[in-house]
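Listed below are the structures to be examined.
One chain, chain A, links the two complexes that follow: it is found with chain B in the first and with chain C in the second.
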Partner chain A sequence: MLEKMAKYSNAEEWADIVPIPQDDGPGQPLAAIAYSDDYVEAMSYLRAVMANNEMSERALHLTEDIIRMNPAHYTVWLYRSRILFATSSSLPAEITWLNTIALKYQKNYQIWHHRHTIVDALNSCTGEQDFLSQMFELDMKNYHVWSYRQWLVKRFDLWEGKGELEAVESILERDVRNNSAWNHRWYLVFGRGESCFEDKERVRREVDYAKEAIHLAPQNQSPWNYIRGLIRQTKGPAALSLASFKQFASEFASLDDPDNVTSSHALDLLAEILAEREGDAADAAKALDLLAKKYDPIRENYWKYRKSLLVGQGGVKAAA
Partner chain B sequence: MAMENTTNSSDSRIEELSDSELPTSEMEQVAMSAEEVSIPSLFTSHPPIKDNLVTITSEMQGETLAELLPYLMEPEGDLNVFGISSLIRKKHTRYLRHMLEGPFPPQFVAADATRPWMLYWALAAMTMLDVDVSEYRERIISTCTPFQNKTGGFGGGHGQFSHIATSYASVLSIVMVGGQEALDLIDRKAMWHWLGQMKQKNGGFSVCEGGEIDIRGAYCSMTIISLLNLPLELPANSPAQVNGDETFLTNLEEWVSSCQTYEGGIAGAPNNEAHGAYAFCALACLAIIDTPSKIIPRCLNMPSLISWLSSQQHAPDSGFAGRTNKLVDGCYSHWVGGCWPIISAALSSSSQPQTDLWSREGLIRFILCCCQQQKQGGLRDKPSKNPDSYHSCYVLAGLSTAQHYFGFQDQESFSVVRASAGFGWSITGRADVICDEDDWVKPVHPLFVVPFERAVECRKYFEEREGF
Partner chain C sequence: MSAGRVEDVHPIVVEHKSHFNKPRHVKYWLRCLKTYLPQQYQSTDSNRTMLAFFTLAALDLLDSLKPNTTPEEREQYIDWVYLCQHPDGGFRGFPGSDLGEHRNEENKVWDPANVAGTYFAFCMLAILEDDFGRVNKKACLTWLRRVQRPDGSFGETVGEEGKVEGGMDPRFGYMAMGIRWFLRGRATGDVMGVPDVDADKLVECVRISQTYDGGISEAPFHEAHGGFTYCALAALSFAGHLPKPGENSSAGLSDVNHTIAWLVSRQTATLEEEDLLDTYGDETDTIATCHDAHSFVAMKGFRDTKNGKDSFDDRPTSNYHLQWVGFNGRCNKIADTCYSWWVGASLSLLDKVSLASPDPNRHYLLDKTQHIVGGFGKVAGNPPDLYHSFLGLAALSVMGLEKELKPIDATVCISTDACTHLAKLPWRVENLG
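Let's turn to the complex of A and B:
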């Protein structure tokens, strides 16, 4: 036991360092943690080397030791990246080590920011897409991983012909409801600049893709949000009108057949389309009533609000 | 500030029932037997539309519904007159005292870089349960002192780099215990210098030196600047200084705008996926800067934002989810629920009465029936998860939002120059909701998520000071 506790204090390599114990303040600390002896010792040596801003091989090992005990320790990660650069350590080796940690601790900001820092400096994304696929096997909606992937696309110009769109499509084939994948798709297709929204061919391909997905599962909100985003943001020759989706929405939600609505999102879109024309306001109100009473009543207040915005349907007062 | 009329008083209970034909006593007799209270079928039946295609997402949604429905249909523990689980105040308080005081066993080591959060979550939750937390003043001062760095800001513990999130949590913990000695602990001048280092040319804020730039950085920074009444001018060595006339607000609105996604919701950083927690950070950040009805429509597409927020509430699992096609989780009671008062303020004009765009009843049912751990106390994500301080804080904050109306008074004195729009807020009333007197929580400030009077005390204290 004693030997184990004295990993640093008994080591000749560390003999020149005077450890700095944790200052817990003058009183009885709140939210205190009964640390393991190993952690207490490693941390007191960390404080000491950080106080000297030491950039060394041994300090690097110390950070690894602490990260193994507490991977959420952002300070250690930042200090580690500084040491890596200062000592010109092998960055590919760092990535290999990082992979094992990332697979073990999924919900962690630090690991992904560290990866970002290292891969940016490496100036190469070789192997990254494969590793991300491995991460997605554990959780297909991991926010940190998707955010990292978006950075990767921009940093390494992976917009087209680099397997990104294919990767997204393969995830959506497995789960067409994965909204993170839909978001990534949007970024790939439109993230390079406003001119993408004027590209007729591109926009038509995306509309077709979303429509196909809706046919698989009409109550899946993701492709509906995608289409509404397209209607809002496309422009110039590629501009999409709301009205052009009337027939499509009606396939899943028809006011002539109010008992057989197969998608509340279609009904929502239909209401928006009808609201555009003053003459259709009464029908828009019908669609919103259906949502409020039958198909999505938890959002009754929201549907009533939408109704209050209709021209000629009582206006603002109806919202009260 | 109209906060006094919101504390628990039997008078307002009677007021609440005054619409009823029955006198109060009879009403309660009828309602006391749980069998007599019918639960609306909205909260007991499956959604009206279900696709046949099975994927991982639909399987998880199905499992979650199966998990939650029994709690919604046959609520656990003591029931209130509306037939839903009562708020088990005493048990939660005991749980939170333990979570505040510790000490935690060695396996809690993962919290070693987030101890200021452990303080904040537990203290904030306790204030909502109407516990006077000033008894912890000495210990908060003592505990937070080693977190603060001479170069400004607070780290997650002694010897840790300053971080925007742990600075936010430390400052708010100090604000909650209040008093001169506690407030004087904060080195405001050093904080201002350090925040200047976090401010970026693109308008956003980094969370720490060399850290990620995301919307937590923007919200937490503006909260600290506003509460501590820090100058909006940037210190000379800030990386965001280009022409010399930049401030903490330069390009900030544009940066927040760029986080709104095609779905209408808001992401942690541009191009990422819309997420409930980041929606709150964005809206609260903007509302600290200026009058909500001006700044929010100016920066964000309102119809798509409202549509997205609204679509995070489902039935029968009637709490909020954090992203499209993700599961309901108690913490979004605050992150999404807390967006609604800001949205209402953004939509309101003096001529138009405030209307709800969401279901308070749904959120309250979910919180009281599904998020309370009945045996030991504490609040949770959902019944299959253990309670923790984080969920206790944000589930109760969601309850605060569901029970109260908040309003923004556009007053000249709240000037944009000093990022003080947050002080234009007050509690305007109690909502007519399915809560007994004992189920009411003490409201928290809709932007700062601490008691109103503590936020005001802090700001006033630093306004009365000349310079730093």
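Let's turn to the complex of A and C:
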């Protein structure tokens, strides 16, 4: 036991520190964890250096030790960044270290918050896009990474001509169903202000891109959502009407050929288009029936609900 | 050749009984309560109040807390919760940051109260039927105001020079509104001499985080996510700002039907990671590798490719796979136990659980992720962990899928029994009128 505890308590460098043990109360604690001896010792020394507000290299090493055992510790990261700035430590070296930690603990968000702090202070995003590509090799849909990437775009003005849109397109070429990438595309194209939704050229390009992706894989929900987002949010000269997509939806879902629907999402869109016009409500009901019974029975109850909304508009009587 | 491909799969099949193994779940949670958690939980040490909450809340839902603990034990649990109370208001996330007698003005920033720690502490006190007598309510409400940012969002802790630390994250907004509700109910204005947080600003944060596809994300333009959608809706619920029945919008939610469409779209029969792959890039994978409705549509190229033919010959019918339907957290991801709660509870908050397919979800949870030793794993075949084990139970309860579980309050995430206890506490009745 003593052998194992040697890292701090037997080290000359730490001889001046009196560790502060954890107080778990006198009774039976809840959620007691079978801590490793290393962790118990390191945490006791962490409390002691924090209590002294120590800003030193050894304290920096100690935070690294804790982070490797408990990366979710919410003040050790703050303490670490204070030490880094107080001791004028190398920030590029911090990023290099952080890369190894991020690759190891992919689900941790404190790491990304810390990276944000350091990269902001560095005032440079050199190498960041490359590192994010490395993260995506492990998980193309890592939420923290995509969120951080949005911040990076805004902070360093990477909206256009800096490889972002190209990076998204290359991810979508590998997996056209990556919804995180679709979402990032939306951010790049429309995230700079409301006026983007009035830009006819921009909107037309996006519609074409989504349509092409649908032709590749008609049952992929992401580009259908993208198109419906465009219909909802574009305005002014770029405004898109729901009805203008009727022909496109019919390529994949036609009520004249109900045995050969190739996309339930097309059928859904068609139902919505038909529901707009009272005279088409009977056809809308047919489309919703097809979804409930044949093409998307997982959501049977939902399609029935959608049909009940049609009845509420008084349009379905003719069909009944 | 296309016969059988687009067969009428209605109605969803079959005599199917799934078994909820209550004794195993009780055993799993009693082990968590009364023995040490394995060392793998060291990496979540800073969230010990959350692990403790899962344990007590699960046993409470199983109606097995009181029968398996003595009043003395429950007193000790209450004492441990109060041990985490912070001297300046609120609760710590874990005892590990406590500097004890060494705490002073210069170092106290490393030992802050934590929004999640505080929320889980209150939930545990309600479950343990404590009277909240030792809660420093006024200090807590004062501290809570300091954790809100000027834009209305909440952080996790207050750091140096009053800086709000922690991500822009509706989880904190949800739990902050929960803390407010525990101590203030829906009262506005001063309570115990402390002004209210800016609830309207938080509601605005939720509104601007809605995404183009109808879900809600952690911040504007981030990807819609089941967990954040729940936190946002539950925050609105705490604040009394969910749309009223029959209304399609409210201050916090711009289009209820759009959000409902997103929520029901989270149901998926794609249960395993490898099933996400579209092997041949032509959408002709088997029913076993269906992409949601994938298996029911006549796919592009199906008739023309050998792969398509190979994929579908001699495979089980679509009906077979429809028996197990889970929820995913984001578009085009696989099902995961916890999203049965996050999405199921979101639907419950909007009074629309009936729009999901509850029975196939029950089959999914009980046949696929319920573990033989008790508890639930994240995905089919995974070992159990506290997080998924609790949220699996919570999901079954909130969707009314298991009569052996107590009903859960979809907003507070504790049993309605525990909420009833809280509502009867004299100080709360007096304060909130």
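Methods note: the second predicted complex is superposed on the first by the 306 of 320 C-alpha atoms of A that agree within 3 Å, B and C clash if a C-alpha of one lies under 4 Å from a C-alpha of the other, contacts with A are read in each partner's own complex, and residues count from 1 in each chain.
Just so we're on the same page, contacts are C-beta pairs under 8 Å (C-beta built on N, C-alpha and C of every residue); 3 or more make two chains touch, one makes a residue touch a chain.
Note that this is a predicted model, so its numbers are computed, not measured.
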| item | value |
| --- | --- |
| Three-chain arrangement built on chain A, chain B and chain C clash or fit | clash |
| Which superposed partner A:Asn260 touches (first chain B, second chain C, both, neither) | second |
| Which superposed partner A:Asn53 touches (first chain B, second chain C, both, neither) | second |
| Contacts of A:Thr117 with chain B and chain C, given as first, second, both or neither | first |
| Partner chain(s) touched by A:Arg204 [first = chain B, second = chain C, both, neither] | neither |
| First, second, both or neither for A:Ala292, with chain B first and chain C second | second |
| Which superposed partner A:Ser81 touches (first chain B, second chain C, both, neither) | first |
| Which superposed partner A:His61 touches (first chain B, second chain C, both, neither) | neither |
| Touched partner set for A:Met140, first chain B, second chain C, both or neither | first |
| Intersection of chain A interface sets (partners chain B, chain C) | 20, 22-36, 39, 43, 47, 50-51, 69-75, 78, 82, 109, 113, 141, 143, 146-147, 150, 177-180, 183, 186-187, 191, 217-222, 225-226, 228-230, 232-233, 261-264, 294-295, 297-302, 305 |
| Interface residues, chain C side, partner chain A - complex | 2, 6-10, 12, 32-33, 36-39, 41-49, 51-52, 55-56, 73, 75-77, 79-81, 83, 93, 95-100, 102-104, 106-107, 109-112, 114, 124, 156-157, 159-160, 165-167, 211-214, 218-219, 221-225, 257-258, 260-261, 264-265, 267-269, 276, 278, 283, 291-294, 296-300, 318, 322, 325, 330-333, 352, 354-357, 360 |
| Of all residues in chain B, those that touch chain A in their complex | 42, 48-53, 55-58, 99-106, 108-115, 118-119, 122, 136, 138-146, 155-161, 163, 208-212, 261-264, 268-269, 271-275, 301, 304, 306-308, 310-311, 313-315, 318, 323-326, 352-353, 355-359, 362 |
| Residue ranges of chain A touching chain B (in the complex, touch as defined) | 20, 22-36, 39, 43, 46-47, 50-51, 69-75, 78, 81-82, 109, 113, 116-117, 140-141, 143, 146-147, 150, 174-180, 183, 186-187, 190-191, 216-222, 225-226, 228-230, 232-233, 261-264, 268, 294-295, 297-302, 304-305, 316, 319-320 |
| Chain A residues within the chain C interface of the complex | 20, 22-36, 39, 43, 47-48, 50-53, 69-75, 78-79, 82, 109, 113, 141, 143, 146-147, 150, 177-180, 183, 186-187, 191, 217-222, 225-226, 228-230, 232-233, 259-264, 292-302, 305, 309 |
